[in-house]
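Following are the structures in question.
Okay, so chain A shows up in both of these, paired with chain B first and chain C after.
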Partner chain A sequence: MTPDVFLTVLAPENLAIIAIATFYGCFVGAVPGLTATMAVALLVPFTFFLDPIPAISAIVATTTTAIFAGDISGTLLRIPGTPASAAYVDDAHRLSQEGHARTSLFVSLFTAAVGGVVGVLILMMIAPQLARIAISFSSFETFWLACLGLTCAIFVGGGTVPKSFASLCIGLAVASVGIDVAVGHPRYTFGVPDLLDGISFIPAMIGIFAFSEVLRTVQNLEKRKEAVTEITEKVGRALAGAFRIVVRFPGTLARSSVLGTLVGALPGAGADIAAWISYALARRFSKNPEKFGKGSYEGVAAGGSSNNAAIGGAWTPALVFGIPGDSVTAIAIGVLLLKGMTPGPRIFVDQPELTSALFGSFLVANIIMVPVGILAILASTYILKVPRAVMAPVILLFSLVGAFAIAGTVTAVWIVLALGLVGYLMEQNGIPLAPAILGIVLGKIIEDNFMISMIKAQGDFMGFFDRQYSLVLGILTLGLWGLLILRTIREMLRAGRKRKGVSR
Partner chain B sequence: MMNKDVATGAVLAAFGAWLVLEARTFPTLAGMTHGPGLFPSIAGSGLIICGLLILATGLVKRAAAVPVAEPSPPMSRQAWINTGAVLASVVFFALFLNKLGFHLVAFPMLLVLLILFGINWLKSILLAVGVTVLVHLIFYSFLHVPLPWGLLEPIAW
Partner chain C sequence: MTTTHLTRLLGATALGFGAVLATQAAAECDWKPERAVTYIVPWGAGGGTDANSRMLASLLSQEFGVPFNVVNRTGGNGVTGHSAIARAEPDGYTVGAVTVEINTMHWVGLTDLTHEDITPIALVDVVPAGFTVKADSEFGSVTEVLEYAKANPGELTASGTSQGGIWHLALAGLLNAEGMDPEAIRWIPSQGAGPAMQELMAGGVDVVTVAQSEAKTLIEQGELKGLGYMHTERMAALPDIPTTAEELPSGWTLAANITLSGPGGMDPEIACSYEKAALKVMDTQEWADFKASRGADVVLMGSEDLAALMVKNDQALGDTIKAIGMAK
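This part shows the complex of A and B:
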């Protein structure tokens, strides 16, 4: 890292922005129902007015702390604050009932920082290497990579194959709104001039993640029955205890962090899936697997480190290929595009200071998270008392004004409404959102590169297999499609078998 | 019991069919078989296939009376009212933002929602004023977003 990158990252404004973002992330993450993605979607209108490096720093810091803070309500209320804390919520809550609420939260915090740092270190080592390969990619390879990303999203998105695929198609349909690349024909614009440019990405994200969340919140406004666990633990003892516990599981921490980074790098799989897998694996390798689910610090450490490591992992494909690893990086790519930067291998050559600054901000965010996290843990009972009846209207206003601020027209507000409803209905009917998000981001990339490649190859589809890398990527993609078809058939057969079992 | 998958599948398939029909009216690239309609057609066909598959699984499950794990309990009357109010307030915001101006739209919207959600009058008024001013300060004063003044244009600052 060069000195001026240090200066950019450690500049007072940048540090202040990271600190504010950490507090914000802590708050949103700790409130049940408000996800890290929603935190970022609401943050974007602000980042839009910042320079690229502080903008990315703010996004990174918000995600990192929001994912950690999800443990706060998980531990005290047994309601995961973000889906990423769901895997080990039973353990954390049991520990707090036994009077170790603060110890458990400090374990979450420390392991989150460790996981986060490991994730960034892996990102720093691998991303430039991958970029060196990716720099020779042409439109053929980009096309296949984007296809691969979408296929991956269907595989890991949760939900049945038809539903995940339907989600992807919805995303592609949204992406195809606007003037097409090849001949400039307006598609699905209903004569609205603002739609000629396509559906603006940020209002779409605000709708899908923030507005749909507001709808869910207002349907469930009754006072919660679950009481917040009383905290009587001494802070000093809890800190020391947590530190000893973290030191006791170096193997679990290392394994979960690396695994979390890898899972995070898969398009469509984010922090929540990373936490589930690491938790299951930690149980398999643990000396006392019987404690898992009944208050195991090891389980908390495994999940807590891997979901934060996944955040760093998700940036790898986003930076190197322009293919987001999760919904947060999908939004981040949207922000970079708005700022006139196209994520991809060229960014490592053309703007090395940007990537270095990103890595630096990641590290700083993970460090600042520790003191802010301690404050949040001490204030946790107050954070959880803010009534949802107040939060819902405020979030609603911020999402509407945010969308308007980005696009400058009221059309953005209508987009928030329409896509928010679509996102809400999809979730209600068991259709995963991740494939749709990737479809919206990658739809244009796929179509542009397909059209360019087709024109290059003069309409010969075999041109997609002519080059070395594109051949490998193409075969990989087609292989995955085969597997998907097999899985669909298996799902259908299983449904049929269930029917026989019942009628008999 | 009503199976959600049947309705979901039908809606998805219908939406896909509409995409494909619309895409057929798009022009094609000179000398090529594909054009702007290719990708919407792929997405549409995908939706038709998936919609039918989801519909079929739904029908099979219904025939077998497999208990469907409902993700959420049926909505209460209050939940419906709240949802309707949120949707209506967004429509109100979008329709009147430019005519009435940001402040005259945001304040009543917040006030009505807060009172409906059970916050008492005094708190609601204070919160609605406070948040409107806060958003004004952040977006208009600090970020220089041109929030419309509408009717309040004469006293704009």
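This part shows the complex of A and C:
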């Protein structure tokens, strides 16, 4: 980074803008139903009046914080901010119920900052090379990658393999609603125009997690007399505890951050898949895999670092080729163009000050995020003092308003209610919820890319193994499926043997 | 003395008349929104329609002094957003970015909505299609591609948007105009221009026919190669790329457009106030700079001409859709 750029990024006005954007991102991200994309879209008119570097800094700072802040509502209310946070929302929420809300949130915050910084450092070193790989992903590779993501959902789920698989299938069934991209035929829309575009994941996520939680709370109110159970821990202890936890898992953090950046750079649902794969791998290599899904700090650390690292990754193809990896970077490209900067392969040569400023802002934003995040956590954990009987209707209100805000239709409210019931019934039967969310997010991606690939290959299945990367990803995915089937058979045999033993 | 009186009197009367006329002229087209206006964009955040609309919305917001909230109502290949614009209350508090799809969707049977269900206000952008291949492609011109496709029908693939979307019509219409089978180059549906260019760069398809302005950056930086511009004049920013009008015997051209439109049955007073404001803010340096940054020219076209353009486009695109057998 040249000294000039360093000065521009660290200039008082720029720091002030980053700080304001951080607060703003934190607020939007923490409100259930509002997303990072929405936060950035609302920011665009303001960037017109800013110089290029502050404009980029503002966008970067907003996204980085909004993604972390999604963990606040996830932990306290069980409404994950993004599908990426859905991977570990059960862990975070369980910790909160056990009275460790602040520790868990501080772990989220610290690991998000670490993930963010690692992501930027990787980008600074190998963005052009990484973009080369990302850009060589066609529909075949994207299909396999999404399959890999789904496979991880089965490994991740708290329940047994068949139950996780059932949850995934429910998610995939929900994803099949809407117009299909290949032939343009509407499915399961029952003549409702709002369903033409399918069921978007925000109302689905709010319904499955938050509304089902409200239902359960209401059911348990009578049984549990202690209305205020979750008084959270002291700030100092929580901070120290969180710090110790973060230091305890350097391997998990490093792996998740690197993986988050790399997978985040790939087109499609990079960031979401990244968090799930990181979480699944953390569980695989953990000394306490049984704690995952039931309040594991390690799971929170893995997912939290990975999804923030993925934000940096998502900028790679956008910056190097002008092809956005997600909707946030799509908006960002629009702003860059407006400022007379054209993303493209030569941007690192022609406009080094821009790329350095971008990386610089990322670093600064991730650092400023820590104190701002601490304030937000302290402020928000006061909700835990509110009795559950009061909290439940408030969550319900937020869920419905949030769903309406994102989609702008009453249909979204019905989706929340219907899927909330589904989620409640699933939990009653021991079916984990998280894989269903991934099914909804990835279902469409898998189908679109499968259909497009089949049209391209004119129905020849071998097309899926014709290309270099798709061959590797395909074999990896099929191998994992083989392992899964073996594991299921073993589980079923063991269960059968046990039953026999009992009957004797 | 009398004459002077008379002249004075006449002068005063003339002044009075003038004043009356002036107030009348000002009374027309000076409606102003008093609260926030919703600006519906039927396409996703980050695309060309979104960028143009957001810029225009912010300029209109300064002009009128009320917020213009841009809402992306995506889905249903544009049906959702266009329906939302057409069916909104025509009270001036909902406007939107009606795009060229208003002239294609009803032909392919997606919706009953036509340009008669909206109130055109002003043209915002004209977006001619391109004919773009990978930089290391063996093809050097559109004619070469067409000849290869003629000899090997169905071997080449192209992408850019969904089946029956505007860039698909650009390709199929071009093939049809050249007397070829519209399927000679197979269409691979995609979610939009970005994913289509990703496919092209990854070697998944051979050609994209997205807007040349969208492919401009990658062409300039040597990643892609522009073979043809489906317009009557070459693009100022990329003067080396021949137009299809000059190269092909059929003289085929195709452009998408983005407009500012209101719901059907909008009060003429409100519509012309918007027209006035839109044409005013699009005639500023700020708008010109914005357009230049996207490699596009400023277009200024008011309500009346736009309505005529929509009728013309509807006919031409309908003919293309029927010719390639996609009409329903």
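As a convention for this text, the second predicted complex is superposed on the first by the 275 of 504 C-alpha atoms of A that agree within 3 Å, B and C clash if a C-alpha of one lies under 4 Å from a C-alpha of the other, contacts with A are read in each partner's own complex, and residues count from 1 in each chain.
Just so it is clear, a contact is a pair of C-beta atoms (placed from the backbone, for glycine too) under 8 Å apart; a residue touches a chain by one contact, two chains touch by 3 or more.
Please read these numbers as outputs of a predicted model, since none were measured by experiment.
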Worksheet item: Which partner reaches more residues of chain A, chain B or chain C?
Response: B
Discussion item. Which partner chains sit in contact with A:L168 here, chain B, chain C, both or neither? Use first/second/both/neither.
Written reply: first
Discussion item. Going by the contact rule set out at the top, does A:L400 touch chain B (first), chain C (second), both, or neither?
Written reply: first
Item to complete: Please work out whether A:N220 is in contact with chain B alone, chain C alone, both, or neither, and reply first, second, both or neither.
Response: first
Practice prompt. Mind working out whether A:V192 is in touch with chain B, chain C, both or neither, as first, second, both or neither?
Written response: neither
Discussion item. Which partner chains sit in contact with A:V44 here, chain B, chain C, both or neither? Use first/second/both/neither.
Written reply: second
Practice prompt. With the two complexes superposed on chain A, say which partner A:G408 touches: chain B (first), chain C (second), both, or neither.
Written response: both
Discussion item. Touch test for A:T342: chain B only (first), chain C only (second), both, or neither?
Written reply: second
Item to complete: Identify the partner contact of A:G334: answer first if only chain B is touched, second if only chain C is, both if each is, neither if none is.
Response: second
Discussion item. Once chain A of both complexes is superposed, is A:S138 in touch with chain B (first), chain C (second), both, or neither?
Written reply: second
Item to complete: Identify the overlap between the chain B-contacting and the chain C-contacting residues of chain A.
Response: 45, 182-183, 408, 451
Worksheet item: Any idea which chain A residues touch chain C in the complex?
Response: 37, 41, 44-45, 48, 135-141, 178-179, 181-184, 193-194, 196-198, 267, 317, 321-324, 327, 329-331, 333-334, 337-340, 342-346, 408, 448, 451-452, 455-456, 467
Practice prompt. Enumerate the contact residues on chain B facing chain A in the complex.
Written response: 4-5, 8, 12, 15-16, 19, 22-23, 26-27, 29, 31-36, 38-40, 42-44, 46-47, 49-51, 53-54, 56-57, 60-61, 63-66, 71-72, 75, 78-79, 82-83, 85-87, 89-91, 93-94, 97-98, 102, 106, 109-110, 113-114, 117-119, 127, 131-132, 135, 138-139, 143-147
Worksheet item: If you look only at chain A, which of its residues touch chain B in the complex?
Response: 45-46, 49, 160, 162-163, 165-166, 168-170, 172-173, 176, 180, 182-183, 185, 187-188, 211, 214-215, 218-221, 387, 389-390, 392-394, 396-398, 400-401, 404-405, 408, 410, 413-414, 416-417, 421, 427-431, 443, 446-447, 450-451, 454, 459, 488, 492, 495-496, 498-499, 502-503
Item to complete: Quick one: which bits of chain C touch chain A in the complex? Just the residue numbers, please.
Response: 44-47, 50-51, 54-55, 57-58, 61, 70-77, 79-80, 83, 110, 157, 162-164, 186, 188-191, 194-195, 197-199, 201-205, 217-218, 220-223, 290, 293-294
